[in-house]
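I've put the structures underneath this note.
Both complexes shown next keep subunit A, but they swap its partner, so subunit B is in the first and subunit C is in the second.
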Partner chain A sequence: MQLLDIKNLTIELTTPDGLIRAVDRVSLSMREGETRGLVGESGSGKSLIAKAIVGVLNKRWRVTADSFGWRGQELSNLPYEQQRKIIGRDVAMIYQEPSKSLDPTAAILDQLEEAIPDHRLEGPWWKRSYMRRRRAIALLHKVGIRDHQSVMQSYPYQLSEGICQKTMIAMAIAKDPKLLIADEPTTALETTTQAQLFRLLASFNQLKGMSILLISHELELIARYTQSLSVLYCGQLVEAGETASIIKQPYHPYTHALIKSVPGFQPNLPPKTPLYALPGSIPVFQHLPIGCRLGPRCPNARKECVKTPALERLHNHYYSCHFPLIGNKAP
Partner chain B sequence: MIMYLLRRLFLLVFVFIALSVFAFSLAYLFPGDPLQNFTGLRQISPEQYALLTSEYQLDKNYILQYLAYLSRIFSGNWGMSFSSQQPLLQEMKMLLPATLELASYALLISFFIGIPIGILSAIKPDGVFSKLVSAVAVAGYSIPIFWWALLLIMLFSLGLGWLPTAGRIGVLYEINHVTGFMLLDILLAATQHQHEALLDALSHLILPTLVLATFPTTVMVRFTRDSILEVWEQSYIKAARAKGLSRGQVLYRHALRNALLPVIRQIGLQFSTLITLAMITEVIFSWPGIGRWLIDSIYQRNYPAIEAGLLVISTLVISVNMLTEILHTLFNPLARKR
Partner chain C sequence: MSILLEVRNLSKTYSQQAGLFRQRSICALNDISFSLLEGRTLAIVGETGSGKSTLAKLLVGIEKPDQGEIILAGTAVQISHYRQYNHIIRYIFQDATTSLNPHQKVGQLLDDTLRFNTQMNVEQRRQKIRLTLKQLGLLDDHAEFYPHMFSGGQLQRVALARALILDPKLLILDEALTALDPSLRAQIVNLLLELQQKSGLAYLLITNHLRLIKHIADDLLVLHYGKMLDYGATAHVIANPQHDYSQKLISSASA
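Presenting the complex of A and B:
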């Protein structure tokens, strides 16, 4: 069953120079129990999409979409409060800077307890606070924090980033969400903690069927932990499909370049060879190229690329390029 | 935490020592004879002069003089006032509560009106209410207090005749000085006209409190509003919103505490301004407080009184500052980090 189905999500920023389209008609769909990766360079609009789904962008951003389907229900027809209620109940999010996402003046216990919704607690009302505490401790154990007593009494500044991120995950899973959005959850963490967290997320996915949208710029990590993949460049969706098939055979020149730039994907790379990279750098938002935004950097760009290519489909593999790399035509 | 308190107290001791050194040196820095400035006596006969010089240790070096000065301060012998020839400490004991009463009511108003209005106007920062509040706050912030006081007197006292212009209570009522706080004293007095006296004292209190409260209230409104708007942009607020909490819950549980912590510190910073403004208010409304007394003393070149008034007011301001600082640290886990 389709869990999430967003069609043509557009996010624009009003600036003195006019409207800037930071995310340009991106479609995103997820099945229940799926783990999907969202890859792109920094500034490609990954976090914007996540924040738009959860609904925490500020008023400066204008969010529009053709449709926002959630478990077969069209959310854009519902009133705002209803949307927030559904999203607040079913979607949880964890952030890239865990210590900044926790209230600095509240103890962990208070913050964890308020994330536990009332309908998750059984028993009569006079037992509620006791149950709540029990559940908070259980949640901490679930995310691998054994020393719950001292963590619960601590303030965020007293804890390491790894513990903070674990408590953030505990808060996120407190309501048993259908979808967990992890927005670069491990950027501030060291490698061993990173691996722990990904294993944790993977176990929630397998045991509870929780869908995970994993946002990152590290293709290697994403390839290891996700089933399907969406690649963004500069606010445009360039390619989407199953992770394995995209890594094996990318259709879009950008994905191709991205994969070639990671040494881990090229087992027989001789030592001291320069890594492959596209010329130039990601354009600033004030000077976006028209048409395909990769145009000026693309090795096989042609005249047609000034028109934005439509999203095309080959089996379960979507790509938006006029000249896809089908039939092993390497650029 | 205990270390922190000890450090603060240590600092406080040094500040007070510096303050007393300054107050002591004023006797020499002011024109006239140091002995007159210390004792506050105007006519001193030669025999008395020799006696007092040895008693005040003025024939010894400065350090011994200073120590003698300190022991006099602690034993309560602060000297006489030039103008009234009354002991200064007794005089100030009568006057200080009046100032404290006025200042504390103004501070309470700024608390219970300023902060809620600031919160309300932060809820919709672009709304009509918020714009109106901002405009009024800027006006209240920048209006000269004496002019504002005169305007209010013109309207309510001279024009409408609703409120008296001067004093703490009408001359009809005789209230014993017990605590020095007028409302408290009336309640303690238990005379037969207690109710009328209370109303009369309140009507005397309204205008000065209103005038004095204008500045701190507008400061509080602006500060609370800006503080909340700033906190509202933080990522932990977004995270709390993403937990599924409503706007009200997020405001109550996370935004308010984080936004109001700096407000506590703001009270300490505003207190010195408040006391300065209280002096002006006291002069305008003939309020028998320490501020008016100090200003009169300055006009009369009443050096012992200036010295003593300075010592008392600075001690008050510094203590309040330190107290709010400690309170802020108590409530803010982040400040305890250091």
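Presenting the complex of A and C:
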């Protein structure tokens, strides 16, 4: 069943220089139990999309979408209160830099207990606080923290980044969400802890059928842990489809460059040789190129590229490019 | 190729007050020895608290070592006299956006570096700044820019320019590539490799990114709680790590 189906999500910001379109008509759909990766460089709008789904963007941003389907239900037709209720019940999010997004003035136990919703607790009301504590401990065990006693009494600054991230995950799964959005969950972590966390997320996905939207700029990590992939560039969706097929045969020049720039995907590349890189740098939001935003940096851009290409489909593989790299035509 | 830097039995201990009269000592580095040839890259991996950054600080002379010697191009030196040696070893910080002074124009920033460290006159300095900016793919006009006017990748170039303007022999990159976006990182890596081939620059790369190490580093050193675990040619260490910790590290990066 379709879990999430967003059509043409647009996020705009009004500035003194006019309207800036930070996310330009991005479609995103997820099946139940799917793990999808969202890749893009900084400023490509991936965190904005995640925040727009959860609804935590502040009022300066204007969010519009043609449709926002959630488990077969059209959310944009519902009143605001009800939308919040559904999203609050079913979607959880993990933010980047866990030690900064936890409350520095409260102990872990208090924060964790606060995240457990009432309807998850059974038993009469006088047993509630006891049950709540039991559940908090169980959650900590579930994310792989064995020494719950000392962690619960600590404040975020006393714990390592890895433990903080694990408590964030514990708080996120306290309500058994249908969709877990992980926004750069491992940027602040060590390699060994990174692998541990991804295994943890993968186990939730397999055991509980929890869908996971993994946001990162490290294509390598994403490719290893996800089934499908969406690639963003500067707020435009450039390519979407199954991870394996995108990595094997990208259609969009940007995805192609992204894959070729990672030495891990190039086993035959001899050490110390130059990596493939697109010329130029990412445009700033005040000066976005018209049409396809990759245009000025694209190796095979032509006259037609000043028009924004439509999202086209080939089997299960979506791309938006006038001149896709189909049939092994390397640029 | 001659040996540029040799480090022998380097140790560093920090002491911490524990109670009124007792002192607790923390061993940050314990008996580290390695050598680095000209035009080569040495990568250092390890988790937080493994002493990577302490090692970098000792090499640039921010801290003094307790024991051991640092031999630079054949002569034993006291790097803590850093005024004499900071042309040879330069350090690049993790985050270019916060390590540049926001009040200073880039030209001013580079000019200061030259003014305090060389005998050049105004005209020579201006020439040098122009040359360095060009070498790093920046324009002359960029000298009049303030740091906030640059994008992340350009800022990293400015940080590189500040390091390279004194024509160093060794560049220490402390997680300088980790925070960059992939395509940007590829650009900077290309730039670093090109500089190395052209001018025989040596790099000391402190990072956690094993795939990148595999690509650009000649040698690899694994640190764990201040101890040296594995040291050797990158391909050799990755193929057969000797210690448990290195094995875990390498398998977690490639699993």
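Operating definition for what follows: the second predicted complex is superposed on the first by the 331 of 331 C-alpha atoms of A that agree within 3 Å, B and C clash if a C-alpha of one lies under 4 Å from a C-alpha of the other, contacts with A are read in each partner's own complex, and residues count from 1 in each chain.
Note that a contact is a pair of C-beta atoms (placed from the backbone, for glycine too) under 8 Å apart; a residue touches a chain by one contact, two chains touch by 3 or more.
This structure is a prediction, so every number in the text was calculated from the model and none was measured.
*Asks:* Based on the shared subunit A superposition, would you classify subunit B and subunit C as clashing or fitting together?
*Replies:* fit
*Asks:* Examine A:Val306 and indicate which partner it touches, taking first as subunit B and second as subunit C; both and neither are also allowed.
*Replies:* Neither partner.
*Asks:* Classify the contacts of A:Ala277 with the two partner chains as first (subunit B alone), second (subunit C alone), both, or neither.
*Replies:* The second partner, subunit C, only.
*Asks:* Examine A:Ile326 and indicate which partner it touches, taking first as subunit B and second as subunit C; both and neither are also allowed.
*Replies:* In the superposition, A:Ile326 touches no partner, neither subunit B nor subunit C.
*Asks:* Report the closest approach of subunit B and subunit C over their C-alpha atoms in the superposed model, as a whole number of Å.
*Replies:* Across the overlay, subunit B reaches subunit C at a minimum of 11 Å between C-alpha atoms.
*Asks:* In the superposed view, which residues of subunit A touch subunit B and also subunit C?
*Replies:* Shared contact residues on subunit A: none.
*Asks:* Touching residues of subunit C toward subunit A in the complex: what are they?
*Replies:* Listed in rising order, the residues are 47-48, 151-154, 179, 181-187, 189-190, 193-194, 208, 210-212, 214-216, 218, 234-235, 248-249, 252-253, 255.
*Asks:* Of all residues in subunit A, which touch subunit C in the complex?
*Replies:* My answer: residues 41-42, 160, 187, 190-192, 194-195, 217-220, 257-258, 261-264, 269, 271-278, 281-282, 284.
*Asks:* Residue numbers of subunit A touching subunit B in their complex, please.
*Replies:* So the residues of subunit A touching subunit B come out as 51, 54-56, 58, 84-85, 87-89, 91-93, 95, 97, 100-106, 110, 114-115, 117, 155, 157, 168, 171, 175.
*Asks:* For the complex, give me every residue of subunit B touching subunit A.
*Replies:* The touching residues are 233-236, 238-246, 249, 253-254, 257-258, 261, 332-334, 337.
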